[in-house]
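In structure tokens below, several structures.
First chain A sits with chain B, and in the next complex the same chain sits with chain C.
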Partner chain A sequence: MPSGATYEPIATQTLVSSSSLITFSNIPQTYTDLVIVGTMFPVSGGSNNCFMRFNSDSNTNYSGTYYFADPGGSPTSYPYRNSNQTGLGTSYGNSQAGREPWWHTNILNYSNTNMYKTVIVKNGWADTWFMMAGQLWRSTSAITTITFSPASGQTDFAAGTKITIYGIAAA
Partner chain B sequence: MANTFVLLASVEVGAGKASTISFTSIPQTYTDLLLVMSLRDDRSDAPVTDSRISFNATYGGTSYRLASAIGNNNNNPLSVSSNSGFSSFTAYHNSGTSTSNTFSTNEIYIANYTSSNSKSLISWGGTENNSADNYTLLQSANWNNSAAINSIYITPWFNGLSYIQYSKASLYGIKDS
Partner chain C sequence: MSPITELIGGAKAYGWGKVLSSTSFESIATSYLSGGSSNSVTFSSIPQTFTHLQIRCVAKNTGIFGDSIYVRYNGDTNNTNYPRVHYNYSNGNVAQNANGTTPELGWSAPATGTYGMNFLYTANIMDILDYTSSNKNKVIRVFYGSDPNGNAQAFYPVSLTTGLSTVTSPITSITLSAGNVFAQYSHFALYGIRG
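Now for the complex of A and B:
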């Protein structure tokens, strides 16, 4: 069994001022999978949602299947899914200190032009809420650009928001 | 800094399909294992099928203990079940009537795989395909066996099924130091 390369950082962006768009472009095509880790803050509180999009595609080519755990909700856990979305949804939650949201995503086979792209997401904030999701981008294009932007009516990403992309190299 | 996250092996199924995906001779020099899979089989009458995943032999016996939460579309509540003597642990993957070009997303974290205690793992994944014909599974499992894990076998639930071309499984080794 061969021993291959490892988990390599490709790029990091840390906002020094608020922004409505975070872009990673020219993603190298030399890895097998991508891992994205983010700590994203909204300018103001509330339940803020954003979209991750690939190759600037904002058409209805995205969908997702979710598990939610919401200790304060009713019910406290439930499945949810949506079709034909304009991006892959995730939460960047609440600006309340001590409840900053975290977000971890695996993008599988991102450069494979024979497969639609599948994504595994884990997302939550402190004692408030978390979710896991399987998401889909219905495109066989290799992913070269990834953008993050607030959904309609949501506040911008605040200074301190940080997103890092890692590449998992093939053996 | 030490290289603590290493791709040990990756299997991509070719045009000839594969009834089993296996990882053998797994090195015993890591702390944990991470198995990441994108799978689809050739079942012609369903959008989703279970994979059986087992250690050191193809599935069989009663040494796997499972606690599972299963989601299907927007149907509440989650289906929750347990089994104290099963023949493998499981993961959902896409089958033939699922949307074209869609493959499953599965992530399985296996802790302390060389331990002489029983082995614990968590399996998460689903078959998102932009339709209601999808399932998700969150499963906590335990392999009640003192042997170190030196091989992993992945097979579709039903005999005669095969994983189709581009199905892929990757095994990573993770060190704690």
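Now for the complex of A and C:
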């Protein structure tokens, strides 16, 4: 059984000023899965959603099935789904100190050209809510570029937003 | 690995591409069904040198419904030794917490018929903790999900699942069985995590 370091950071981007676009390009095709971890902040408060897109595809090839848990809501857990979206959605929440949203995503077999790309993601704010989702990009293309941008009408990412991509290699 | 450093949206950003030399997360074995389908996948002779195990797989079954992936240890197929499963899941229409009594832990997307969708596989990440312990029951955590773009949503759930096994011996082999048959291109990878 082969062994070795198989979980490696590929790149990190940290904003030193606000931005409406974060791009990771030239993603190496030498791994099996990608893991993306981030803390994203909006310039102004309130609920904000952003899109993750692959290979600059902004057509309606994205969708998701969601589970939300909100201890302050009624009910405290609820489902959601969407179809034919222009990106994979996630929340980057509000800018209230101490409630920075965290975001953890796995893209399995991102370079496999025999399948659509399935993403499983967890996202939450401290003491506020939690979301997990299965998301789909209906393309068999290998993922070489990943971008993050606010959904229409949402505010920019604020300074301090930080996203890291890791690669996991299988034997 | 070269860092990816770019100027983005007029803002200055920076990246670091430091490669970890740590061997705390290692690939142990992979099974890729590149040539055709299979009823099950077994990882055997699992080294006892790690603290935890993680299985990462994308799975489709050859049937017309989404189906469970059964996880069994050391060749033990007696369901009474896998007494409890707890799900937190959503299929887009319903969000529920539920209990089960058999080792139905992961999920595979359907391949054919009304509910099947070409090229769609379910992603599963399974963590088996303290697998070498000989004096405690084994616990597994599974996170899985996929999405059919509005088609036959019930067969494409997202779930965070916990499973209990009363197998107390160290885990030396793991068998992942399909309720139906794993379809071509399903991919299973086993990793070891050091403490």
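Basically, the second predicted complex is superposed on the first by the 167 of 171 C-alpha atoms of A that agree within 3 Å, B and C clash if a C-alpha of one lies under 4 Å from a C-alpha of the other, contacts with A are read in each partner's own complex, and residues count from 1 in each chain.
Assume a residue touches a chain if its C-beta (ideal position, glycine included) is under 8 Å from a C-beta of that chain, and two chains touch if they have at least 3 such contacts.
These numbers come from a predicted model, not from an experiment.
Peer 1: Mind checking the superposed model to see whether chain B and chain C fit together on chain A or clash?
Peer 2: Once chain A is superposed (C-alpha atoms), there is a clash between chain B and chain C.
Peer 1: Contact-wise, after the overlay, does A:Val37 reach chain B, chain C, both or neither (first, second, both, neither)?
Peer 2: Neither: A:Val37 stays clear of chain B and chain C.
Peer 1: Between chain C and chain B, which one touches more residues of chain A when both complexes sit on the common chain A?
Peer 2: C
Peer 1: Classify the contacts of A:Ala126 with the two partner chains as first (chain B alone), second (chain C alone), both, or neither.
Peer 2: neither
Peer 1: Can A:Asn112 be said to touch chain B (first), chain C (second), both, or neither?
Peer 2: both
Peer 1: Is A:Gln13 touching the first partner chain B, the second partner chain C, both, or neither of them?
Peer 2: After superposition on chain A, A:Gln13 lies in contact with chain C alone.
Peer 1: Examine A:Ala142 and indicate which partner it touches, taking first as chain B and second as chain C; both and neither are also allowed.
Peer 2: A:Ala142 contacts neither chain B nor chain C.
Peer 1: Residue by residue on chain A, keep only those touching chain B in one complex and chain C in the other, then list them.
Peer 2: Shared contact residues on chain A: 1-7, 32-33, 63-65, 67, 75, 77-81, 83-84, 106, 108-109, 112, 114-116, 118-120, 132, 134-136, 138, 140, 168-171.
Peer 1: Spell out the part of chain C that touches chain A in their complex, as residue ranges.
Peer 2: The touching residues are 1, 3-6, 8-30, 45, 47, 56-58, 88-97, 119-123, 125, 143-150, 153, 156-160, 184-185, 187, 189, 191-192.
Peer 1: Considering the complex alone, what residue numbers of chain A touch chain B?
Peer 2: Within the complex, chain A contacts chain B at residues 1-7, 32-33, 63-65, 67, 75, 77-81, 83-84, 106, 108-109, 112, 114-116, 118-120, 132, 134-136, 138, 140, 168-171.
Peer 1: Show which residues of chain B lie in contact with chain A when the two form their complex.
Peer 2: Contact set of chain B toward chain A: 3-10, 23-27, 36, 38, 69, 71-78, 99, 101-105, 107, 124-132, 134, 136, 138, 165-166, 168, 170, 172.
Peer 1: Using the touch rule from the top, collect the residues of chain A that touch chain C in their complex.
Peer 2: The touching residues are 1-28, 32-33, 63-69, 75, 77-81, 83-84, 106, 108-109, 112, 114-116, 118-120, 122, 132-136, 138, 140, 156, 159, 167-171.
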